[in-house]
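Got some structures for you, see below.
The following pair of complexes shares a single chain, chain A, combined with chain B in the former and chain C in the latter.
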Partner chain A sequence: MILDTFEALAMVAAIFAILILGTTHLRTNLSFYSLHTMAIAAVTAWIASITHEDHLYLVAAGVFIIKSCSIPWFLNSVIKKINVGTDGGAFIAAPLSMHLGALMLGLSFMISQQIPGLIGEADSRLGSTAAMSILFSGVLLMLTRRAAISQIVGFLVIENGIYLFAVTQTHGMPLMIEMGLLLEVLVAVMVAGLLLFNIKKSFEHIDVSQLTELKD
Partner chain B sequence: MTSINTDAILETLVFIAIFLLLPPLLVGIIRKTKARFQNRIGAPLLQPYFDLLKLLSKGETISKHTSWIFRSTAAINVSLLIILAFLAPWTSLRPFNLGADLFLVIYLLALTRFFTVLSALDAGSAFGGFGASREVTLALLVEPAVILCLAAIGSVSQTSDLGVAFSFNNIALANQPGLWFIAGCGLFLASLVELSRMPADDPTTHLELTMVHEAMILENSAANLALVEYAHFLKILILLGISSQCLLHAIPFFWHTTELILVFSSLVSIMILAASIAIIESVAVKLRWTKLPEFIAYSVAMSIFCVFIALSKNLN
Partner chain C sequence: MINDPTTFSAANLFTSASAIWLGGLAISAVGREKVKSNFLAFLMLAGALLTLSGAAISWNQSIEYNQLQYICFGLARADSLVDPLSVPFLALLGLLGSATAIASPCHTAALNSQGKRGHYWKLSFIFLIGMQQVLLAANGIAFLVFWEIMSLSSAALVASDHIRHRAQRAAFAYLTATRISTALITAAFLWMHHNTGSWSLSAWHFGTEQSLVAAFFLLFAVCTKAGVWPMHVWLPLAYPEPPGPTSALFSGLVGNMAIFLLMRLLLAGQCSHLSIAYAAIALGTISSLWGVLFALMERDLKKLLAYSTVENMGIILTAIGVAILAHCHNLTAIATLAAAAALFHTLNHGLVKALLFLGAASVERAVHTRELTALGGLAKNMPWTMLCFFIGSLSICAMPPMNCFASKWLVYQTFFQLSYANAPILERAMSLAMVGILAFVGALSLACFTKAVGIAFLGRPRSNAAAKAKESTTNGPDGLIIAQLLLAVACVMIGTSVPIALDGLAPAVRQLTHDQFLVGSSLFPIPQGQLALVGGILVSSIYLFVLGRRSAEVKSYITWDCGFGPLSTRAEETGSSFSHPIGRIFSQILQLKVTTEISGKDRRHFPESVRVETFMTPILETKLYRPVMGIFDWLSSSLVRLQTGSIHIHLLYVFLTMVLLVFLGTNI
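This part shows the complex of A and B:
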């Protein structure tokens, strides 16, 4: 089996998403997230060159600028301001959840064998494997981490997974929709970041497992 | 006929010269790079050779509580590692085709660790005891990563002979840069732990609370210590060599090039990996003991990816 380049890049993105699961150090998480999104932008550009859909180049540029540069930079500055270095504690230990993520990669390979996927001339089933495994990693991240900032990263990873699935299975959505989605993600992260400040100010921690307790 | 024979003899002599003389140079490279990173000039590149020579001429002190195990361990380890140097595919120059089964290679490595641990326990000092216990714990965590990486490569090439799998003419492995690259990264991370380098153990300190490898060889002196050190240097050469071979196989250029370039670039890539160990040691900190499994998990995860790639290859 000879990998097509976009499949190899999609797998690189999936592997970076799984590596995010491996550490509770928030800075490292964000830099892995940035690399992961860069790989996704590269996948988009590569698919654009295969299918000759020129608007995908613009989407790739948007993903690169907004998702892999601005959002990690913004979240990094939030981390610096609220002075939280590491996730307080995961419900599943970080190494264990990384291995779970790796097993999920195998599971999504089995699921994606059921999908008849073709993009241009190339078989896109490895692309959908990568997309599903990214989705699973994001879900694991949101389920097992306590710090609110990890929840944001988990949300972003899930969003990337859905986006990658759409891009590898179809020829990408229309430009307006993609741009709207990018803007929406940016706004969501901004709002969540501002919310983090307020949570930190009123509770003095960002542990989501304790947010259910009522305070007077 | 005679020309083939002289070629073979020359190749053998070069091979033996490389694996006897290169290991201390690697350590010299690591120390020099670290020194340059700390804005020091540092000891000369050949300092490890001088150290070994000096140790050989010193008088030996042996605790009277030790048995024959302690005295023979260093010699056993050096001879085991010399056997490994002939077997393992750490360079593309292999004059002897001895049939290096991957499990033989892995468990010969484990055997050297076994003897090191035995001698540390034999000396009966408290440091030897806890160094040994730490070493065994780390080995337990790292071993699955090494086995799975090599086994994935073996299963794609349909043989457990590493000499065949690493020979640059196996068609099954020719178009698998992902597998080779991930296996190389996993093996490199695992060998950082196996060689007691920085994230696992700081080789330059002698602080009792943190040391792993140094704690086990505290009781050795003079010629015995020289042999122990030399065995450790050889281990660095072999492990770095295997991971650098994996990384070289990932680059398509090396599949269509001449023997001479291959040998040269495999030696250079080992030195580059040694320098990158030094860079990692300069920018990273030693991890707390309880944090180490998280670091090793990365290398295990890489090996699981290798297994998946091998599986998907074998299913199709």
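This part shows the complex of A and C:
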């Protein structure tokens, strides 16, 4: 199997996402997340060069600046302020969840073989494999971790998976929509960061498994 | 389409009636502080009269117009169709709308809060518009939209006294019933659209095999909405609740709208499913028996009337069932008779029930209660109400010179003719049995209304409030009384000129049964009007010459009390004691239990206190609906356990759903 360059980059992004699963150290998580998003920005730029869709360069720049630099920096400062270093205890131990993530990569490959409408365009199949694997990794992260900050990272990883799927399958959405999405993610993370301060202030911890008031 | 002058003017009349009601709605919504209720009542009356005159103009012909074409409901435009079938219902709407408009100002004047007044006017206008457009709707989509407007506004009317627990319960029960019926109607419409590819109501033909499911959905939807056994439980709760004058609209038209739908689709659509006919006859028969039994036992005046509606809806449904049955056997004459009976009885019942509910509203306004045990002796204080209620009772018991006599006579005729027609022997036997059942129901309803009139209006007042009852707020008869008189006069007029009325209904019946040789007046050969005139002259001359002379010698005595001690109102017969002998016969169905407690030293001869209590457990509610409700409760409380409140579990649900969708989409 010969990988196209952007497919190889997408796979790199997927592997970084699986690596996020492998540690409970929040700062390391964030740096992996940053690298993972950089790979996605690179994928976007590469696709722009193949398809000659100039607006994708702008999107790639946006992804790089906002998602892979500003957001990790902001979250890093939040971690410093609330003084939480590691995730208190995952429901599934970190190495095990990393292996589950690797399994999910295989599962995503199986699923992407089956997606109708892509059989003719064989070149984008690995892109969708990577995208789905990133999505599953994000879900695993949200499902297994207790700290609220991991939930935010998991959410961002899921968002990246969806974005990568869109980019590899459709060669990019219109610029307005992409920019809107980026802004939305930025605002969501800002709000989540502020909420984190408040959670820490009111409960003295950021363990979401103890927040069980979400019912009638 | 709008070339013919009749079409043009009739369409204009209907549209402007709607527009006037819409204007009334806007005025009552915006400027409620300043607007006099007389002005709003005038607008309501104007709309009703316009509807009435539109119906009169388009009496004999079918009119299709699309003046509201700028209103589009996505799949279809708001096309309107006035055909011979909808015209009598529009006329009824106009008449009852006028009565409501006349009765409204004195009702709102008695309301102490401004909010309640605004609520009353707004909902009445929406309700009227909804009903008019339901009758005019030419396609299924427009029908459903206006049906919903009608249902929801009437549910809000039921809930207008929403602070009371009783009204809340009634509103919820009514809402449940209308939701179920709308869901079923929607399913039937979709099914028919799938079959025929058209949304037009007149394009749907129910003679085909595929239409059976839709016909069943429609039948059950109509049974739910009209309050036919066993879906009638909401009816005695909801019918008494709407505020005074609108209870005339509610009781006279809500059930009739459902019957109208059944006639328009199943009868005019030439339904030829024997199973539908049997189901309709069976449900109708049970409903008429059940309704009249419970009406007889009821202690609440308005609930009594509501149960009587259950009975009459049953009779109408039976007649419709026979019409379908006769159509299946190609017995056109009987089908025509049955359709005419159903249509005529629907209209008569709507009129009479509205009259009776206005009478009950008048009683409730004067005495502030509907309990028969607190009424009595109202005849002296409320002569007009007594007269109108008596006329209504006569009519609903099918007494000869009245309108319901003619329509029930037609129902009897249908069964007699079916019993010696060329039909299977079982059906002929059934129709003979039905004659007996109808006679029995008629006798019980006579007892029931004897009780209603006798206990409420005759005898001596059973409470202080009843003794001090005042009929009207002004010196002369006020709006509520005039509205009753209007409807009572309409009842008597239809009753004494049945052949003319039937001639008027002939186009509608022709549309229902496609019988071109029908002569309306030949259906009812009894010269009821002339007989009533002769009888009236005879009775009044006897009164004048024989009894009238003695009236000068009236003396008043004390009633002999059998040596029992001074007579008080407690010695009077009560509603329960009146109906108890019949209730005892049916105590299995009614779950009637009586406990008697006699105490004292020598309890055999000189009891110090006697205490008698009667209990009735509504069997359908306890044996059928409560277990069903229990199952729903249990299901929903088990579903609540899914909602753990933990973020992780909720995320897991999202994730599992996503995985499921991916797997479904990719066929792995």
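In the analysis below, the second predicted complex is superposed on the first by the 205 of 216 C-alpha atoms of A that agree within 3 Å, B and C clash if a C-alpha of one lies under 4 Å from a C-alpha of the other, contacts with A are read in each partner's own complex, and residues count from 1 in each chain.
Definition applied: contacts are C-beta pairs under 8 Å (C-beta built on N, C-alpha and C of every residue); 3 or more make two chains touch, one makes a residue touch a chain.
Only a predicted model underlies this, so the values are computations on that prediction, with no experimental measurement involved.
**Q** Contacts for A:60 in the overlay, against chain B (first) and chain C (second): which applies, first, second, both or neither?
**A** Neither: A:60 stays clear of chain B and chain C.
**Q** Based on the superposed arrangement, let me know which partner A:153 touches: chain B (first), chain C (second), both, or neither?
**A** Neither partner.
**Q** Once the structures are superposed on A, label A:139 by its partner contacts, choosing first (chain B), second (chain C), both or neither.
**A** second
**Q** Pick one for A:22: touches chain B only (first), chain C only (second), both, or neither.
**A** first
**Q** Check the residue A:109 against both partner chains and state whether it touches chain B (first), chain C (second), both, or neither.
**A** Once the two structures are laid over each other on A, A:109 reaches chain B alone.
**Q** After the superposition on A, what does A:208 contact: first (chain B), second (chain C), both or neither?
**A** It touches chain C, and chain B stays clear.
**Q** Which partner does A:99 contact after superposing on A: first (chain B), second (chain C), both, neither?
**A** first
**Q** Taking the stated contact definition, name every residue in chain A that is touched by chain B in one complex and by chain C in the other, in rising order.
**A** Correct list for chain A: none, the interfaces share no residue.
**Q** Which bits of chain A are touching chain C when the two form their complex?
**A** 91, 110-111, 114-116, 139, 142-143, 151, 208-209, 211-216
**Q** Would you tell me which residues of chain A are touching chain B in their complex?
**A** 1-3, 8, 11, 15, 18-19, 22-23, 94-96, 98-99, 101-103, 105-106, 109
**Q** Can you name the residues of chain B that touch chain A in the complex?
**A** Of all residues in chain B, those touching chain A are 175, 177-178, 182, 293-294, 296-298, 300-301, 304-305, 308, 311-313, 316.
**Q** Along chain C, where are the residues that touch chain A in the complex?
**A** 640, 643-648, 650-652, 655, 658, 662, 665-668
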